[in-house]
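Naming follows writing order (A, B, C, D, E and F), and every chain is counted from residue 1.
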Amino acid sequence: MTPDNTPNRQRVAYFNGKIMPESNVRVSFRDRGFTYGDAVFDMTRTFGHRIFKLEEHIDRFYNSLKYVQIDPGMNPDEMIDLTKQVVEQNLKLIGPDEDYWVGQRVSRGVDLVGGDMWETDGGPSVIIECKPLPLAARARLYRDGIDVRIPSVRRVPPDSVSPRAKSHNYLNLIMGDLEVKSQDPESWALLLDNRGFLAEGIGSNIFTIKSGTLYTPRPQYVLGGISRETTIELAEELDVEVVEKDIDQFDAYTADEVFLTSTSLCICGVRSVQGNTIADGSVPGPITKALQDAYVDLVNYDWVSQYLMRLED
Amino acid sequence: MTPDNTPNRQRVAYFNGKIMPESNVRVSFRDRGFTYGDAVFDMTRTFGHRIFKLEEHIDRFYNSLKYVQIDPGMNPDEMIDLTKQVVEQNLKLIGPDEDYWVGQRVSRGVDLVGGDMWETDGGPSVIIECKPLPLAARARLYRDGIDVRIPSVRRVPPDSVSPRAKSHNYLNLIMGDLEVKSQDPESWALLLDNRGFLAEGIGSNIFTIKSGTLYTPRPQYVLGGISRETTIELAEELDVEVVEKDIDQFDAYTADEVFLTSTSLCICGVRSVQGNTIADGSVPGPITKALQDAYVDLVNYDWVSQYLMRLED
Amino acid sequence: MTPDNTPNRQRVAYFNGKIMPESNVRVSFRDRGFTYGDAVFDMTRTFGHRIFKLEEHIDRFYNSLKYVQIDPGMNPDEMIDLTKQVVEQNLKLIGPDEDYWVGQRVSRGVDLVGGDMWETDGGPSVIIECKPLPLAARARLYRDGIDVRIPSVRRVPPDSVSPRAKSHNYLNLIMGDLEVKSQDPESWALLLDNRGFLAEGIGSNIFTIKSGTLYTPRPQYVLGGISRETTIELAEELDVEVVEKDIDQFDAYTADEVFLTSTSLCICGVRSVQGNTIADGSVPGPITKALQDAYVDLVNYDWVSQYLMRLED
Amino acid sequence: MTPDNTPNRQRVAYFNGKIMPESNVRVSFRDRGFTYGDAVFDMTRTFGHRIFKLEEHIDRFYNSLKYVQIDPGMNPDEMIDLTKQVVEQNLKLIGPDEDYWVGQRVSRGVDLVGGDMWETDGGPSVIIECKPLPLAARARLYRDGIDVRIPSVRRVPPDSVSPRAKSHNYLNLIMGDLEVKSQDPESWALLLDNRGFLAEGIGSNIFTIKSGTLYTPRPQYVLGGISRETTIELAEELDVEVVEKDIDQFDAYTADEVFLTSTSLCICGVRSVQGNTIADGSVPGPITKALQDAYVDLVNYDWVSQYLMRLED
Amino acid sequence: MTPDNTPNRQRVAYFNGKIMPESNVRVSFRDRGFTYGDAVFDMTRTFGHRIFKLEEHIDRFYNSLKYVQIDPGMNPDEMIDLTKQVVEQNLKLIGPDEDYWVGQRVSRGVDLVGGDMWETDGGPSVIIECKPLPLAARARLYRDGIDVRIPSVRRVPPDSVSPRAKSHNYLNLIMGDLEVKSQDPESWALLLDNRGFLAEGIGSNIFTIKSGTLYTPRPQYVLGGISRETTIELAEELDVEVVEKDIDQFDAYTADEVFLTSTSLCICGVRSVQGNTIADGSVPGPITKALQDAYVDLVNYDWVSQYLMRLED
Amino acid sequence: MTPDNTPNRQRVAYFNGKIMPESNVRVSFRDRGFTYGDAVFDMTRTFGHRIFKLEEHIDRFYNSLKYVQIDPGMNPDEMIDLTKQVVEQNLKLIGPDEDYWVGQRVSRGVDLVGGDMWETDGGPSVIIECKPLPLAARARLYRDGIDVRIPSVRRVPPDSVSPRAKSHNYLNLIMGDLEVKSQDPESWALLLDNRGFLAEGIGSNIFTIKSGTLYTPRPQYVLGGISRETTIELAEELDVEVVEKDIDQFDAYTADEVFLTSTSLCICGVRSVQGNTIADGSVPGPITKALQDAYVDLVNYDWVSQYLMRLED
């Protein structure tokens, strides 16, 4: 893959007070975000160069910050404003049918050498960044469907660290992903929660459909994605009942349709779960399709075509 | 606290092929060690400027690397050699009665922008570093004993992420520490495992003593510290029986002696557990003292005095 | 504190068939309520000298009795009638702005010496009692808010003993309370259930409020307090949605408002949970305040002022 | 059953500073031992009128006291001395072939009316008592063996309240006993721990024997009875290997021999577990018999005959 | 009991392509349904010789097949048609007031000798069968009520094998049944799920009624019986609220009414649970009776009388 | 694969009193072994046509029978004698370098139609059988090593059904095997226990080796294979320490050697666990090799060569 950060087209990012070229955004190796993953982040995307539900993402971001007790040193409005500036400056670097992931990250700061545990040398590290969505790499998923695999490791339980805070501690999800990728590099991992019910993948939520009802795991065990919430709202507008419940493998294997949601995917059909083909294996199923269409209408941008047009690349 | 990294006395560290001033060791904000805590590390210390059990630490480090499937791009001997070089260059910056923490860190590398999940742009990030031990800050503990507090959050269970790999995912331990520090800033957190037995603190292992026998949690639920292992070996040399078992709060509250071990602490007596005074509250108890003495003999350096002399600072 | 049971103002209580001075109500040291906590009780309060929801409390009391299979030897109507008599006789001992806790207790009776396990010597021990509410001691909570702390011990799980029966076995709750009181004598303990979700304190239920919705733990894991039920009914009358769900620490820390309910507290705002300030830390929040007002209306007595007036004492 | 506390033969007990007739030992209905089971106790027995291992029992008692943080207001030596006095004064009331249970109980004291939670009105309540062993009622068990039944309720887990402290909270054990007694009034309940392994009955420990090795549950999940410890010591003297392990129902059903130990029973053979006959159903099996004989030797009193002679009563 | 398969009245069954006398339906001892229980089945009944909800049962059956990944080699319509043929041919063998259980079974087939694990020698084994309902044996239950007992073994958890697939693996349920039958041969076992809440018996679902609301366990932990679903639908038609929730023993012991549903029982009142009499112990309670009546109306056949008339047999 | 049951070379088996051609051994479709998997079995093998440890297998078999409370209607000596007869009659059907699996199966019998639950029509079904070992199919494993994969489903916990009884309920193991086979048809499944530690595969036990010590899961969570026990005995003879402990994925991934044992495999090296190569991926490792050699010596037959010679087939 050709790197896209050629000097004259370099993206910028906000870092501790200034917007600067990305290559200058480097954190101390003593930054607690690096040494301990002691940081939180959030991530939305643009649709046709417009940022999606930025306020909702920032609201969720400040919940994550409150949970880990990190003070970012600015209020939500300032964070929103800076995000818009970063996006604005970067938009010229991508084509009209490309879009960005747009994210904010705050770590607790840099450990004070010689201090005792948790003393920091200065304030938090704050970063606001963009990066192009991997549209071509994922185009295939919209045609073929996602093959979901369930690793043996279980999602970290809520009484250890809440999955509802979007933190820099992803090793549990990574271990699960490594398991399934070693089997099928194209598959996506979806972890079970500590009780054995379906939870979530790396940044993705799962929905199953049976007899016209939409099901998704209870919010205590997953990061409540904005795309998940958007999907629930769209379903309600389409008069499709949505139920949050404990979903087991029996539910998944016998579902009529299954799909994943995530910031980048929005809604993408699942072809198989742990090697079991869902229905006849074609995606998207009818309700999934209706939800995708409603999502396209909501954002006023045909992101499905944005992915699929790259099949010809 | 006065920062100790004045320009003319700046420590050096190894970073991806070169030994350089620490202030130059900065990782990309897209380094997976930063964004996901997708990295492992290990940490030993010097005693009288001699590195302690470096081979054992590097051996444990390569087990952590193997668990998370990161290839550091060098073999253990090279890692040992580079570590010695870094320490050698830094020793001149500390006084004769000061010592260093000595650590190695390897992250999976920098995320490839535009690539799909887990593609990296180049190899792993490798860092080898020193930092002065917080001797003064902890001197008090050797006189007064540690007040251990048990937070409500439970240690991440082994089937989510193994506590036996020393990774950059510390948020679970941090959440526990924040709980107890909000109550008593001088206390040390010790988390229960997912079943409710005593597990470990941030980088520390616990031992209880009852009727002349030494107990410590079973290795499945804790990071098997080198100091923990050293203590077990010393106890056996002193004919003190050591039993690895599930230790509950009843054991802790009714123990004759309790102590913590860690790379920096070696062995340090505990005064109370969750507000319950251990025995008469004086530290170290007789067996703890005997083990400290044996530890001093083993490393041929009086690290207890090294701490206590700083009470006069 | 000055003892209030001076001879000429002694309260009376019902004990095994007679109403008598409290100082005469003494149970055999072989009473199973003493030796095993083999007894159940219930407790309501008066508002302006009127007993609150006595029938509901007695109904709950007989459920507890049925669960532990103790036959009190009288029916609910007799229990209600005796309770009213005891309260009537005691009311003259308190001032017009004071109120009583009003409780019933039944133990399985006195162990038969020389008999085999569980044989009793005579019938159950039945007690009906009043005691003045600790209004002054708790006045501060209505001004400052309650500091809730979460101990490390977990509430006894429902498949060991149901928390829904109000029994004389409080050691689990006491151990939790001792943990948090050792840290902060003014704090109130709230235990997690065996899965790690918020459960209950000693006689208190918790509610969180987020985006206008009221949440409280599912009834399987807590004693369903009458005050909890009353609050739910009042919320519904105020068109505030109430959801029973598993509440985790993320929910608590990021809540807009948190409050406790109990027989004596009715509804009292929470200032912090485990050291995390709720919103801006002032109590009561707007929905909490609306519920308190509705509660005052319901009982036709301003119990909030009854507490707060004692701040000047 | 004829009551044995006829006026002219009344036993005495120690109560808060004085030895007095038992009928005078009555605790306030506000004693926390009554209202909350907030008390601990211990219990040994006499063999031929000699108290068995009183020091060990008092040592265990003070561990229980420390766990629940109750200060009895006297030291172990005083407790031992008072116990001996109480026994001495009561021995004349029983025949030469009868024996006593001998126990100590300490509650946290009487709740202070008008105080806030956990304030007490005066010091702890201390009781030292004797009562005749139910020799006749249990004689049959030594001839026929005990029918052990496993109720559905699980023993309270160690992270709620430790089973290792002998407290006045027996409701969990009582609920289990009620379950099995409703099925077979002659059976003895043995509860599973929270993981599903055999734990303990009301005051009794279980041992299984397979291929010459003795097994008993791990100490984290049971009250470590003095009789259990004595049995382990006797087995070791007889060169019978003893292993503490998690015992499941498969182990129990396929055992060669099973027996219970308790203060009163010492060692008594089990005929069946949950309706499954152990081996050929005759008791005691050969190793059980050898251990009983060794126990008789140890205490220099034939307690087996003491039970069996009452079959003729 | 007189065997009912006299030669000239022999029932027929479908077996791998043909309808034949039952005595010819014998599977190889290497059939995986025999060696591993590697098979699924479903079972409905006739009412007045009419098959009840055959389509719903076949739909559920194909879900079970999909879960265990067995292809029956025919589609649901063929399965329905064959079932009707088998019933048709057998109806002449029973009297007008008798009825049949009607079931389908498919195993994965016969293990290939000499092949590696899971290779089969030919296709699946498909059986469609009838057998007379045990009306006389169960008549008593409609007069007296069922005595439900809760064994100590827990239902297999959903993350081991889903209880929602009706498979040939019944050993867990059998072990539970053996426990309770050893205590009371007339009792029915109802197992707790792995968390300790009421789950299901062998082919039966439980409902409790409290204050006019109907409760039944959540579907993740039980086989969702067609009779259970029918009962829920009937309740809704009668304006009785139905709530799926975790039901504990407290709920069961303090319920106003309890009943079981199953294919054969339809709805049958419960007299006691674990020895605790439900209400006054008479069956059916008023809501149970109303549901039975509605069930009779739905199927247009008085199956209650069909049972009760056999009391006179 | 060519079927080996040509008419003139048909194996015989014992079935309910007679030795007969295998094709005649067919069980009723109402046999509880078929409908419920209500049966147990055991399986040994021959080495050079000599039956291996038949007495130990029959002893284990009778433990399984006792656990499920099935009376086989014959004693162990009769079972042994019949087994020898069946083997004797079948040996002539295989070549000198082939060998047999040799097994016994007993189901509870045939359900009585018209009877109530668990009534059987006649006694148990008893089968004794031989079948050729799949030597060629598994030869590759001795050259390449086994690829072990860990499915997401967890082994049934001991408090549901004990894994220590070898029953006809294999659906849990089958579901695990289907998961991993869907990913890699050549891999072998190894399930985690309900706590997340390594348990067992279908008929296989796992051992890991680290720093010269042999580890294998604790016996409560696995079927204690005779090959497992034999391996432990051989290790002790070779002065290799053997430890039964909870083995996690960290242990497996960082092991020096891993191998499986089973009746047919004896001891076979593992190349990878969940995609992680063990050491350098070559098998057998040095200690595994030493144990294989000792196993060959013990049975006086080179079963390793017996497998490997089939690579040339």
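Criterion: a residue touches a chain if its C-beta (ideal position, glycine included) is under 8 Å from a C-beta of that chain, and two chains touch if they have at least 3 such contacts.
Just so we're clear, the structure is a prediction, and the values are computed from it rather than from any experiment.
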Of all other chains, the one whose Cα centre sits farthest from subunit D: A
Longest centre-to-centre distance from subunit B, chain (CA-based): E
Repeated interface matching C-D, over half of the contact pairs identical, chosen among A-B, A-E or B-C: A-B
Whole-Å gap separating subunit B and subunit F, where each centre is the average of the chain's CA atoms: 44
Distance between the centres, which are taken as Cα means, of subunit E and subunit B, whole angstrom: 58
Residue list for subunit F, restricted to those that touch at least two other chains: 69, 152-154, 157, 159, 178, 192, 196, 249, 276
In contact (per the touch rule at the top): chain pairs: A-B, A-C, A-E, A-F, B-C, B-D, B-F, C-D, C-E, D-E, D-F, E-F
Subunit F residues within the subunit E interface of the complex: 1, 3-5, 13, 15, 22, 25-29, 31, 33-39, 41, 68-69, 105, 107, 112-119, 121, 127, 129, 131-132, 134, 137-138, 152-157, 159-161, 167-172, 174-175, 177-178, 181, 194, 202
Complex contact set, residues of subunit E against subunit C: 192, 195-197, 245-246, 248-250, 253-254, 276
Complex contacts: residues of subunit F adjacent to subunit A: 149-154, 178-179, 182-184, 192, 196, 249, 274-276
Contact set on subunit D toward subunit B in their complex: 63, 66-67, 69, 157-159, 162, 164-165, 218, 220
